[in-house]
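First chain A sits with chain B, and in the next complex the same chain sits with chain C.
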Partner chain A sequence: MRKFFIKYVVLTRRGIAAQLEYRMAMAIWILSASFPLVMLAVWLSLAAEGPVGSFSAGDFVGYYLLSFYVRQMTAVWVAWELDYDIRHGDLNIKLLHPIAPIHEYISFNLADKVIRGILFTPLVIGVAWLIPTIQIAPTAANLFFFSIALAGAWMLRYLAQFILGLFTFWFSQALVLIDIFWMLYLLLGGGIAPLELLPEPLKTIAFYLPFRLMMSFPIEIMMGRLDTAEILSGLAATMVWGIALMGAYRLLWARGMRRFGAFGA
Partner chain B sequence: MRKYLKLLGIFWRFSILRELEYRVNFLTNAFMSVFWLFWGVISATIFFAHRDTVGGWTFEQVLVVLGLYTLFTGVMEAFFRPNITQMIEHVRNGTFDFVLVKPVDSQFYASFHSLTMWRLVDILAGAALIAYALRAMGLTPTGGQLLAFGLLLLVALILIYCIWLAMMTMSFWFVKIDNFAELFYAFYETGRFPISVYSGLLRALLTFVIPVAFITTFPAAALMGLLEPTELLIGIVLALALLALTNRLWRFAVRSYASASS
Partner chain C sequence: MPLTVTHLKKYYPVHQKEPGISGSLKSFFRREYRDVKAVDDISFAIDTGEIVGFLGPNGAGKTTTLKMLSGLLYPTGGSARVLGFTPNERKPEYLRQMTLVMGQKQQLNWDLPALETFLVNQAIYEISDEQYKRTLDELTELLDLAPLLKKQVRKLSLGERMKCELAAALLHRPQVLFLDEPTIGLDVTMQTKIRQFIAEYNRRYRATIILTSHYMADVTALCKRVIVIDHGKLMYDGSLDELAARIAPHKLVRVELATNVEGSRLDSYGKVMKIQEQSVELLVPRSKTSEITARILAELPIVDVTIQDPPIEDVIARVFEQAALTHNATAAHADD
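Take a look at the complex of A and B:
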């Protein structure tokens, strides 16, 4: 266990160094994530005539600021890495390392999260502090549950994308699945609108699918819209989905390895 | 001029032939383009579930804007994206020298010699959405409106070309950055909705500096008879000015280009 932990730390540090190499490219990826701001602008234009459902202008600002933060802190691109590594055979090199490849991919992502955390946590706090009309509820309990839910959101997004990326073992167009996933994530996870504002039946569907847990759930906590029972049931749901996805990962990885060996790469 | 048209024909035929080798790729991507279009329409209905108009535009009017957004996404991805990608490769590997020694204008060659055919599906899908929205409104544009629309489409094409050319030119100086083009999409994303949604500084920025308004909102307005004549005039002036400006920028960059090894 200790050895495993040390490996992780080393890999993550390597990841940070590697990402700082490409800091300009990274800056552009971050800056180009304007979607939450565009949605905020549109909702604000609607909220100018009065609140939309239970959302005032201040609520929208809070919601999309948090949405920006949650999306930055849960950003995942492992499907593209897998796609590249499987097709070019770079996965072979990772298979030789004394740690399962998924951990190597995860540590690279964690490195990115360290950088983004240092960059965006003060930024988001600063913006929230500068806008007095913003509606958020940063109590100690909410902050605590928010951090757990955020980690859960990252885990679900990561596992889901990893699993979809593994389909590259079987067909070359697997990245199309990521596109479809992304559409559902934005629509049913709360990217376009807070889930409360979705028309039926989308609203009910969204409540039962894991996309909510990947974006909307931590935001709802931080906005003070959930009571303790709702928070705990959300965290439990995150855990259940997490276990299910881990099972799916193990199964697909084992089969994928057999397949990968079979093409003699 | 005729020589250049002929060359364009050769470039594109070659690109298409190369892509026809990957037919499954073509089909899945065409399917995804249509999917994204539906996604855009569904997203728009969410806003209209709460209000009758967004930025003073009705649902069908916003669909025309969305149609133009999709159409020009197709234009950018089909005609400009493959070329900027190659341009960056050329500059990085020093093979841009081979472009410079060809007996054609370097700006023409660098801007137009590749095409991603399957992205043309976006252009068709966008046009279909516009036609559908017009029918749903029972609107038949008059000759004058069509003329204004045509002119603004041309303005939009020129503006988009200028923006991509400027980004391509930047790759001379920022060799390491291969995702430069993504930055424009951050602003282009706003083009899903009419410009009247955005307020103050942002609206001015999107009209005059990064003229997304002239790409989606104003052509849509022209088609539905909502356009102010001055907007057309400003668009034409803006397009011509940017064309001259970016051409000079390109020439300046080529002159100061020092190849890879020197």
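Take a look at the complex of A and C:
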């Protein structure tokens, strides 16, 4: 276990070193991360004449600031990596190592999270500080549950995207699946509108699907909109989905390896 | 035997498409697949410390075989055992004892110095600090790595990169090495260096090595034994010398004459390949070499005589030609 931990630390350290080489790319993420701010502007203009449902202007500011942060801290692109590595043969290199390739991919993502965490955590706290009308509930308990829910959101997004990426073993255009997934994530995860404002039956459907747990759930915690029982049931649901996705990953990986053509040199 | 391959097979379903739009449309609605037999029932065994050259034209199945042996590919049939493991189970204990170096694919991170990849490999392969230091020192000395280790990999030349790749692949001191075109694209000096290094590694650690290369010099310098495959089938397995003897049952006799001699007089000794002023090249049957050389020395005004094997490139080219002939013959037969 200790050895395994060391492997992660070393791999993550290399990931950070590699990503720091791409300063330009980092600047671009920050720009591309502004979608929640666009949505915020839209909802603020609607909320100017009075609250929308249970959301006042201050709620929207809190919601989209948190949405920005959650999406940054759960950003995943592993499907594209897998797609490239499977089709170009770069997966071969990882397969030769005596550690399951998923850990090398995860460590690279964790490295990114360390960098984004350092960049965006103070930024988000600073912005929340500067806007007095913002509606959030940063109690110690909420911060605690928020961190767990955030890690859970990352895990679900990561596993889901990894699984979708594995379909490249069977279809050369597996990435179209990601587009569908992304659309559902934005709509049913709370990217376009807070889930509470969705019309029925979408709202109920969203409640039972894992997309909520990937974005909206940690935000709801931090806005003080959930009681402890609701928080615990959300965390339990995250765990159940996580186990299910891990099972699916194991199955698809084993099948995919049989199928793998080890293309490229 | 630490490495045994029995009736190993790998077939790929390949989807067939005619060129053009109509072909694309047809294939959109109904895909046709055909099995390509990349490796078709080959068997061989290799002993500890042997270096075996794997020869064959492009697409013969060399790389596919190496990929199956290193656990990247599941065989369609047959089996492989290496160091007591079944490669496709990809047990970490197996992966820690072998390496596959692909001349055309790199494991070094392009944006970071090679040393960074070495450190990652130290952790992944669970190499102790002491062993890491010792191995790295040795590799640094053997490959002249000192000035390269801290440079960004993308700033290295192809040859420098290959040296670092080899070091990264050997840090864990694997017992079995699969080297797929390790010298591809390198200049002659660098090829020689890599070759010497492989020989030295083999000597020091009694490592078992399979090597593929397009450069015959690699093979003649390193491998006593060669395995020739073509169209996925094993064509030859044995010593390089014997291959030359069997395929090219001739020797090349180079004669420097003191005076000009008529071509017709030379014909009685062997097939005249070249006459240039007073230097002559004759192709003589291998079994009669000494007898004919004796006659030449006695009967002709000689300055110098040398006897050589024909260049191994020609020998290999002939193996492939013959392979192609038999292949076409069977194919033609199948069409009847």
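Just so we're on the same page, the second predicted complex is superposed on the first by the 260 of 265 C-alpha atoms of A that agree within 3 Å, B and C clash if a C-alpha of one lies under 4 Å from a C-alpha of the other, contacts with A are read in each partner's own complex, and residues count from 1 in each chain.
Note that contacts are C-beta pairs under 8 Å (C-beta built on N, C-alpha and C of every residue); 3 or more make two chains touch, one makes a residue touch a chain.
Fair warning: this is a prediction, and the values are worked out from it, not measured in the lab.
**Q** Would you check which partner chain A:52 touches, where first means chain B only, second means chain C only, and both and neither mean what they say?
**A** The answer is first: A:52 touches chain B but not chain C.
**Q** Tell me the contact category for A:99 with respect to chain B and chain C: first, second, both or neither.
**A** Touch status of A:99: second partner only.
**Q** One more residue to check, A:33. First (chain B), second (chain C), both or neither?
**A** A:33 sits against chain B, while chain C stays out of touch.
**Q** Now for A:3: first (chain B), second (chain C), both, or neither, which partner does it touch?
**A** In the superposition, A:3 touches chain C alone.
**Q** Looking at the overlay, does A:173 come into contact with chain B only (first), chain C only (second), both, or neither?
**A** A:173: touches chain B, not chain C.
**Q** Between chain B (first) and chain C (second), which does A:141 come into contact with in this model arrangement: first, second, both, or neither?
**A** Once the two structures are laid over each other on A, A:141 reaches no partner at all.
**Q** I'd like to know which partner A:14 touches here: chain B for first, chain C for second, both or neither.
**A** Second partner only.
**Q** Name the contact category of A:25: first (chain B only), second (chain C only), both, or neither.
**A** first
**Q** What residues of chain A sit close enough to touch chain B in their complex?
**A** Going by the criterion above, the answer is residues 24-25, 28-29, 31-35, 38, 41-46, 49, 52-53, 172-173, 176, 179-180, 183, 186-187, 192-193, 197-199, 202.
**Q** In their shared complex, at which residues does chain A touch chain C?
**A** Checking each residue of chain A against chain C gives 3, 6-7, 9-11, 14, 17-18, 21-22, 89-90, 92-93, 95-99, 257-258, 260-262, 264-265.
**Q** Can you list the residues on chain B that touch chain A in the complex?
**A** So the residues of chain B touching chain A come out as 24-25, 28-29, 32, 35-36, 39, 42-43, 45-47, 49-51, 54-55, 174, 176-180, 182-183, 185-187, 189-190, 192-193, 197-199, 202.
**Q** Which chain C residues qualify as touching chain A in the complex?
**A** 12, 63, 67, 70-74, 90, 92-93, 95-96, 99-100, 102-107, 109, 111-112, 116-117, 119-126, 180
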